[in-house]
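Below is the structure I would like to discuss, written out as structure tokens.
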């Protein structure tokens, strides 16, 4: 049973929750990607992480590229609408900066793994994987319907040590509301042992919005203020997706040295918010 | 693949979708119970129905009491906050007006059965039933987690021939929005072969509300205008729950003759809306 | 937990006392799952007197409901209107109740056995019952999902039975059984009388229990309702 | 389906033609699942020219999105802002895609085999790939959930291969493969060339296909892009 979420600085929230070797899910499906939190994890020098995320995106390209990951659990490793994630490709194709383990799923599989985790069930049942080469490269099993005899696919629960998500706002009790594309953020928080939510702003009272998803403070460990904390992704109604940067990343990330210099100048060498 | 929902009269919607012997789910968890639609089913003289509903409530007390049911699939057969459903008790205890079959579940079981139906999966996995006497009186089976070896409970999908729900509003294309307590209405509609949604009003365009649940017209067969159609239940923001009537029902329904007279005067003898 | 050092009330009835004792059990708790009737009244009283931050959860889907009046049903409009947020019934059971996100559950029952197992299905044989009760509802999964289960029931031999007619709900997580005569707690896997309400005797409780009841060596007495507890309760039910 | 009797356009490129042919395939359809790039452009064009009621579904959770511009990502803000409603990713896959509530899916791929199976995972060996591609994403379950799957891919031997390096997505539900040279359809379980784009020869298509391609006896020709199709497409991409 959690106590009410504590509102702390981002650096404190990360220091309290993320340790070397942890399994860490930073979620946000295109929208509300917690870049600021991920960058803080890197600034604090965390290593050997099992990074979990449906769509690794630029953030995990950065985290993998600086060598923070031991393993990647994912379902789509691309730069949406642009092309490759070059650091992801480099680690898989050439083992740079060091080889990592891959555990690869489909989106439906990852989503249901979070559902199982949020439900505290060991697995969820779905149709999928069968007849594809993914079966041999992942972590799913067959399960037979006890009513119809149909063979379906069982996906194991995801229960990250830490889940980190970004939202538009929290109230002073740490209750969080996000709106727009909600992704799997609620499930990620509920499935995790520890959780951090970064927010654009703190408000006196949440006013429920159309499409608003509330995550109550009593299932969150830490809430940290991080205005603009999902840029170059975005927080609907607060910031805009920086599509130009997504395109620029294709250039920055292509070259190891340029990537390393960019990370030093823009992430690692910066002071925590 | 459904065509877009057709807006028709309630009597036409029921005539087109509900036939003798059908399995029919009229859902609405305390809120938005589709009384007008259920009454129309009775006025059209439907019999031998398999009535499915988490909380039979007054509506199913009425439908069972006039002899429309062959079977009841349910998880809580009480008059909420008042006490017994006397017609339900009478049919179970004394077989009046004729014996019916019972299939009894827990709320969690019924909810997951609708989830399975909406997902077009043959079953869902959950924890529950085991160690209780319900196991011997219902339709669940054991399933073993292929990852952990834990034995869990499998509940079979609910796939009603017809699902009927009530909502606050629809637009002219038959897209529906409901808000307040959403229950299992979306799942019931998605799980069914045919579906009817009755609404308080038709609007030019849906304006999304906080907590609003949208059911698009392309998964609904018929939308019918039925203002006040969930009374004595209610439609949040439009009508109020008639708690006094829930108490009065305890008196009306206690006696077979009084019940029959009341139904004749207030339901069966009335003209369709 | 309350009552001590307060002005004791006079002239209350045993139902009021039971509600007040149940409300006290929610001091310091984060969240409570409640049904209708006395459990709902007790939880609302707890928010008034002991624990204004208590999160009330109803199985209808309302989380953080703050009703002014005791609701007749678990789905009254006021619950949705005052909730922190509202979820679907599948989400309620799968994400909130099953995984134990709600700390305490208040449950009632028609029959309770010595292991705090509950019957809310039938009196008599299932196929040919003497009395058909409403059935399981959310109780079985609430009772295994919530870490602490508090049973609230009237103390009598029809309720506290040697053998349930039907086992609807398992008692594994039950921490307290609060009756109108006293409080039972599981000790060594069996319900044991640990507290008597004022002016109730052990013999009275044994007489109202359908099995040979275990009695705790250190038997406590519930503090008298304080004047402010009783007046808050009466004000609440008069709303 | 379109083009006939219209003023034919001149001076278009093969990519534009491919997009226009893909857009035509959505006439009369209820709903379409789309990713980014050409499929997204084609579906938006379909809404402009052939089917203003077409419901666009993106795996990000936006149902009934009506973007004015071709979105860069499947999660651009405009998609959520213009959607009829937005659902979580688990709901998208479990309630909408898996059960077949979305009629048509547009998919792309790095490799396509003669059974319309797709590879979007790796070129080369999985453990030591020559090129690591993004991976499955939503494709496998979209391809088996939607009743009709339309594959949109550039026609060349690197794409249309005898043997996939990795089978990411099954082709069972594929109804059309639209390339920049023509249209393939499954006939007797194998992709068969049924339509050539204007001025393309069978030999050209065979040369660009990595297996001995079946050719339909009745080989059609795609109607030339109509002026209004091409101008709508160019206006759309210029936004």
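The first chain written gets the first letter, and so on, giving A, B, C and D; residue counts start at 1 in each chain.
The criterion applied here is as follows: a residue touches a chain if its C-beta (ideal position, glycine included) is under 8 Å from a C-beta of that chain, and two chains touch if they have at least 3 such contacts.
All figures in this text were calculated on a predicted structure; none of them were measured in a lab.
J.: Determine the set of chains touching chain B that also touch chain D.
T.: Chains touching both chain B and chain D: A.
J.: Enter the minimum step count from chain C to chain D; a value of 1 means the two chains touch.
T.: Step count on the best path from chain C to chain D: 2.
J.: If you tally the C-beta contacts, which comes out ahead, A-C or B-C?
T.: Comparing A-C with B-C, the pair joined by more C-beta contacts is B-C.
J.: Give, as an integer number of Å, the spacing between the C-alpha centres of chain C and chain A.
T.: 40
J.: Between chain A and chain D, what distance separates the C-alpha centroids? Give it in angstrom.
T.: Computed value for the inter-centroid distance: 29 Å.
J.: Residues touching two or more other chains, restricted to chain C: which are they?
T.: Within chain C, residues 85, 94, 98 contact more than one other chain.
J.: Any chance you could list the residues of chain B touching two or more other chains?
T.: Residues 115, 121, 126-127, 186-187, 208, 211-212 of chain B touch two or more partner chains.
J.: If you go through all the chains, which pairs of them touch?
T.: Every pair of chains in contact is listed here: A-B, A-C, A-D, B-C, B-D.
J.: Under the definition above, what is the set of chain A residues touching chain C in their complex?
T.: 1-4, 115, 118-121, 175, 186-187, 190, 206, 208, 212, 214, 216, 218-219
J.: How about chain A: which of its residues touch chain D in the complex?
T.: Against chain D, the touching part of chain A is residues 29-31, 54-55, 74-78, 80-82, 84-85, 88-89, 92-93, 104-108, 111-112, 114-115, 126-129, 131-134, 137, 180-184, 186-187, 211, 213, 234, 236, 240-241, 243, 246.
J.: Which residues of chain D touch chain A in the complex?
T.: Contact set of chain D toward chain A: 36-37, 59-62, 71-77, 79-81, 85-90, 92-94, 97-98, 121, 126, 129-141, 144, 166-170.
J.: Enumerate the contact residues on chain B facing chain A in the complex.
T.: Going through chain B, the ones touching chain A are 121-127, 141-143, 145-148, 150, 152, 154, 156, 208-212.
J.: In their complex, what parts of chain C are in touch with chain A?
T.: 30-31, 55, 63-64, 84-85, 94-95, 98-101, 103, 147
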